[in-house]
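For clarity, chains are labelled A, B, C and D in written order, and residue numbers in each chain start from 1.
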Amino acid sequence: MATTAISVTHERENYLNKEYGVKSWLLTTDHKRIALLYLLSITFFFFIGGFFALLIRLELLTPAGDLVQADTYNKLFTMHGQVMVFFFLIPAVPAVLGNFLVPMMIGAKDLAFPRLNLLSWYLLIAGGALMLYTILTGGVDTGWTFYTPLSTAFLNTHVITAAVAIFIAGFSSILTGLNFIVTIHRMRAPGLTWSRLPLFVWANYATSIIQVLGTPVLAVTLALVGLERGLHLGIFDPQRGGDPLLFQHLFWFYSHPAVYIMILPGMGVVSEIVACFSRKRIFGYKFMALAVIGIAVLGFLVWAHHMFVAGISLYAALVFSLLSYFVAVPSAIKVFNWTATMYKGSISFATPMLYALGFIGLFTMGGLTGLFLACLGIDVHVTDTYFVVAHFHYIMVGGMVMAYMGGLHFWWPKISGRMYPENWGRLAAMIIFVGFNLTFFPQFILGYLGMPRRYWQYAPEFQVLNVLSTAGATILAVGYLLPMVYFLWSMRYGKIADANPWSAAGLEWRTPSPPPTHNFEEPPVVTWEAYNYDELKEAPGER
Amino acid sequence: MSDSEAVLTHAPGLQEHFATMEQQRDASTMGMWVFLITEIMFFGGMFTAYMVYRHAYPAAWAAGSEHMDFWWGTINTVVLICSSLSMAMAVRAAQTGARKALVPLLILTMALGCAFLGIKAVEYHGHWIEHQFPGPDFRFAGPDPRHVQIFFSLYWAMTGFHALHMVIGVGLVAFIAFWGWKGRYTPEYYNPVENVGLYWHFVDIVWIYLYPLLYLISHKHVM
Amino acid sequence: MSEHIVPKRTYIGIWASLMCLTVVTALVSWVDLGQWSAVVALAIATCKALLVVLFFMHVKYLSQKMTILVIVAGLFWLGLLMALSMADYGTRVLQ
Amino acid sequence: MFENLPLWPTRASTTAGNVDALFIFLVTLAGIMCVLIFTMILVFAIRYRRSASPNATHIEGSNALELTWSLVPAAIFLAIFVWGAVIYFNERTPPQGATEVYTVAKQWMWKFQHLEGQREINELHVPVGRDVKMIMTSQDVIHSFYVPAFRIKQDVLPGRYTVAWFHATRPGTYHLFCAEYCGTQHSGMIGQVVVMEPAQYEAWLGGGGATGNLASTGQQIFMSLGCSTCHRMDTQGRGPNLTGVFGKPVLLEDGRTVVADEDYVRESVLNPGAKVVSGFKPIMPTFQGIVSEEQVNALIAYIKSLSQPPAGVATKPNFSPPPGETPKTQQGK
């Protein structure tokens, strides 16, 4: 085991201290440095999106529209959605944790195309800059879904710049996916067969498939919206016999699988954490790997379940509802396997494990409410209400953000070379869990009661539940600010981390913390299965 | 894709994170193919729209197609097929290290690409002056001008994005021609030439479908 | 993988076939085959695309089966997009 | 306190009961699953905590278990699918003989046209105990007709019709929401559905405001736009005779066949060249921009009335037709 003495770790040359200066960061091709660039950028966008969310919740404190104007409110939820989805959730785990870890987990020196990787980051920044420009010059109020003909013919806001921003960010996502696919195929260390890959790598592979196959369709769809707005092409225009539902088909062909872009890598993170803190190989490894690929593929077959009341044919609705249930099966498999992994384990409760357990709970609830939405008869009543809002926040915030936070804590020692303060970490995890449930659980009830989403003012009988939700959002905000503070603190004052503070399996823990620029002194040769915790005898002592 | 900017640290052309030339070449080819798949899906969105509307408005599609210029379309198809041949020969020249042949073949490819774009511009101009661009100024004498307008919307979008790809392609070929002239490519290292070739052929294939789908719907071609 | 060097003759042959197919599809388009016009035109286009992919793009000579899988996957997904969209458009009636 | 904290929406239609039953089933199922999983996690977390279980037992997995927890959920999912599909099928299939209400949505209001001639904005009066079919279109963007108490929702699209139906079971006043984001005042595009006892409803219908029923309004439009010069009631017209056409298949000039439903009539008014009836020339001018959505609805109601038996609810001959046109109308029936 490559456990290096602490003092040596600190002075040793690593990817952080190899070079200094702005140029050494902005022109870097090191996947780890690019991961940190992503970390900074998406944290920035997370807080912008979060700020919009807080304003939304404050507006909804009272039934009357009294805090902001109606069009301001519409801009808030639109930009909250666009910023969070395209500039935080989609890049979050793949571009930060995936970028940092995938090459190390497969024993490679870098991704297959390091300069393309840097280009991906610049594309995200270019898209993000344009998004910021859109926000600062008056914003956009299409809803994140850009539904036509509202977006093409009726709004006077910055629809085209927002669409171009997302178009550009989309290419960032495509190129990241391309890079991962080729890297995982071509750069694995000798002996590291597909059946030995950590599930995090499997998850990122599955995610990349979706990014590569789905994102271009979104890109062309947004381009057509832009052309329809700017040059009066009439592809979705009902005035000329065009079908606005065609836009929805093309949009959801990407945007439903995009949900899996957000959640699959999160599932990968949770698999790593649950195995490590249960000191056990993940239960049913093969099924877990198959399940992520299954979700990625089946995820493309279900998109029109967003359109059951939109005017699609009865027959199509039946087909898409049935297919939607198929994608629920692999998700169920994953939940059961994580739970079974804990059976007869030796479980400890460090912060990452708390996040992982939170993930399993919230993802289970999000997934189960997904069954309601895939169910035709129920969906008619609850679609486009707060029930949907609650459901996808359970998946994306309760699921994905919990996993992302868990992953950040888990690999923070590797990334920064320092430990975060454990007790603060646990406290923040609990606050986030409580705040999250208080924010979003009442929204399920609101939805079944019939409160439509995207309402600036609402009927007075919905107020109590909305107040609860807003209270929860406040707690959630505190929960998210805490880690930012102590992560920053730990970079200077945190305890120095050794190479493998969790005694975890996985190639990334066999390099020093933080790793050197080319990750491994010697190219590793893998002779063991993933999660060989039975062979790693030493369980960590105090933690 | 852009793995061309010199990395001359160890074996010429071998980047340091790859173990062997073979691994690098495999990765490069596979990366290019994955990229082409994204391109298929990009155009696929428009082809889907095309299919949906052609299914819904077959008569309008035939009417619109009658106003395509059959001859320019056919000539452009021929031009692109010829450019694909010269591109394939250029890649072969790079493989065999025939630098003398490489650069002229690439220039020929560029010339054919530019000819295609020129012809396309002539066609566009014709449609423009006949008010066949969608929008408030659209004019069409026929029973169903609204749906014909959708045909023309798709025509402009599909051929427009295709032409944009052609412009990028000509730029890439120029880039490759410059470095080929500088002598960067050898039989051991010619991935960029190969990848630009793959891109060029892909754009050609898109046109191979656009030609019958846009120009050949109606059997009554306007001469 | 793409070490294989294709003889010039093959390229010229493929080019000639592509030209022939272009002439054929252009000629056939003057004949009204009804519904079959589109089928024939697309079949010819697919033949041409196959020739380009297999020879000009060297897929016939690839040793890496993975790349072929990538191509097939791409076409499969495009098929999904089209087929499932038509599941809606092909079956719409107003109740 | 509890007026402000309802926990269950009012149930006021036949569909609502079906939806609630399935919803309760799903909540129970989801509850059981949550309890099961959370209990297991909790028990494992306590039972196998590091201090109580210092060494983990190596377990590879179990194919039998994997199959169980794939196939059992799959079977349950299939059952839910079928149950949900049955309800949905019912929601999407309006019963024969339902009272029709034409609806035009626009930014940001709902306009309703009753066959009896009443017109309403943001308020819809319907009788209890009768099937009501909403035939809806939008003047601008996509809206969505949503009545939580009925558990129905249907997007309302520009350029075509969509249909929703309900059978109200309880008199009262219920929310009507627009559920598809439609621009600045989306949250202001709300209204009320007033469900009335049949007697009250009749009284409301009789209570003025209406000027002849919708079909007769349509007939007036038909005459004033000159439609009747070509669409004559015999076979001599330059356009097809519209008597008895509605709801029947129509052979088109290009050999296809379409059913003459609301969408077809609408398209034929606004974009007549798209689907020309076999044997006729595409000479009809478009009426897009000339007739409003409401007028198209009236025309449809009129053309429908030409295909209905004289005693039909929709065409109670108790209106006074415009002078001079009476014979033709009679012919049409």
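One rule holds in what follows: a contact is a pair of C-beta atoms (placed from the backbone, for glycine too) under 8 Å apart; a residue touches a chain by one contact, two chains touch by 3 or more.
This is a predicted model, so every value here is computed, not measured.
Asker: What's the overlap between the neighbours of chain A and those of chain D?
Answerer: B, C
Asker: Average the C-alpha coordinates of each chain, average all protein C-alpha coordinates together, and give the chain whose average is closest to the overall one.
Answerer: A
Asker: When contacts are scored as defined above, which chain pair ends up with more C-beta pairs, A-B or C-D?
Answerer: Contact tally favours A-B.
Asker: Would you identify the chain whose Cα-based centre sits farthest away from the centre of chain C?
Answerer: In terms of C-alpha centroids, the chain at the greatest distance from chain C is D.
Asker: Could you please state the distance in Å, as a whole number, between where the Cα atoms of chain A are centred and where those of chain B are centred?
Answerer: Chain centroid spacing, chain A to chain B, equals 35 Å.
Asker: Round to the nearest whole Å and give the separation of the Cα centres of chain B and chain D.
Answerer: Centre-to-centre distance between chain B and chain D: 46 Å.
Asker: When the centre of a chain is set as the mean of its C-alpha atoms, what distance in Å lies between chain B and chain C?
Answerer: 15
Asker: Residues of chain C that touch two or more other chains: which are they?
Answerer: 66, 73-74, 77, 81, 85, 89-90, 93, 95
Asker: Can you list the residues of chain A that touch 2 or more other chains?
Answerer: Residues 185, 213, 217, 239, 241-243, 245-246, 249, 253, 314.
Asker: Pull out every residue in chain D that's touching 2 or more other chains.
Answerer: Residue numbers touching two or more other chains: 92, 160, 162, 271, 274.
Asker: Which stretch or stretches of chain B touch chain C in the complex?
Answerer: 22, 25-26, 29-30, 33-34, 36-37, 40-41, 44-45, 47-48, 51-52, 55-56, 70, 74, 77-78, 81-82, 84-85, 87-89, 92, 95-96, 194, 197-198, 201-202, 204-205, 208-209, 211-213, 215-217, 219, 221
Asker: Per the contact definition, I'd like the list of chain C residues that touch chain A in the complex.
Answerer: Spelled out, the residues of chain C in touch with chain A are 66, 73-74, 77, 80-81, 84-85, 87-93, 95.
Asker: Can you list the chain D residues touching chain C in their complex?
Answerer: 92-94, 160-163, 259, 261-263
Asker: Which of the residues in chain A come into contact with chain B in the complex?
Answerer: Within the complex, chain A touches chain B at residues 108-116, 119, 174, 178-179, 181-183, 185-187, 212-217, 219-221, 223-224, 227-228, 231-235, 239-243, 246, 249-250, 253, 518, 523.
Asker: Show me the residue ranges of chain D that touch chain B in the complex, using the header's touch definition.
Answerer: On the chain D side, the touching residues are 254, 271-274, 276, 282.
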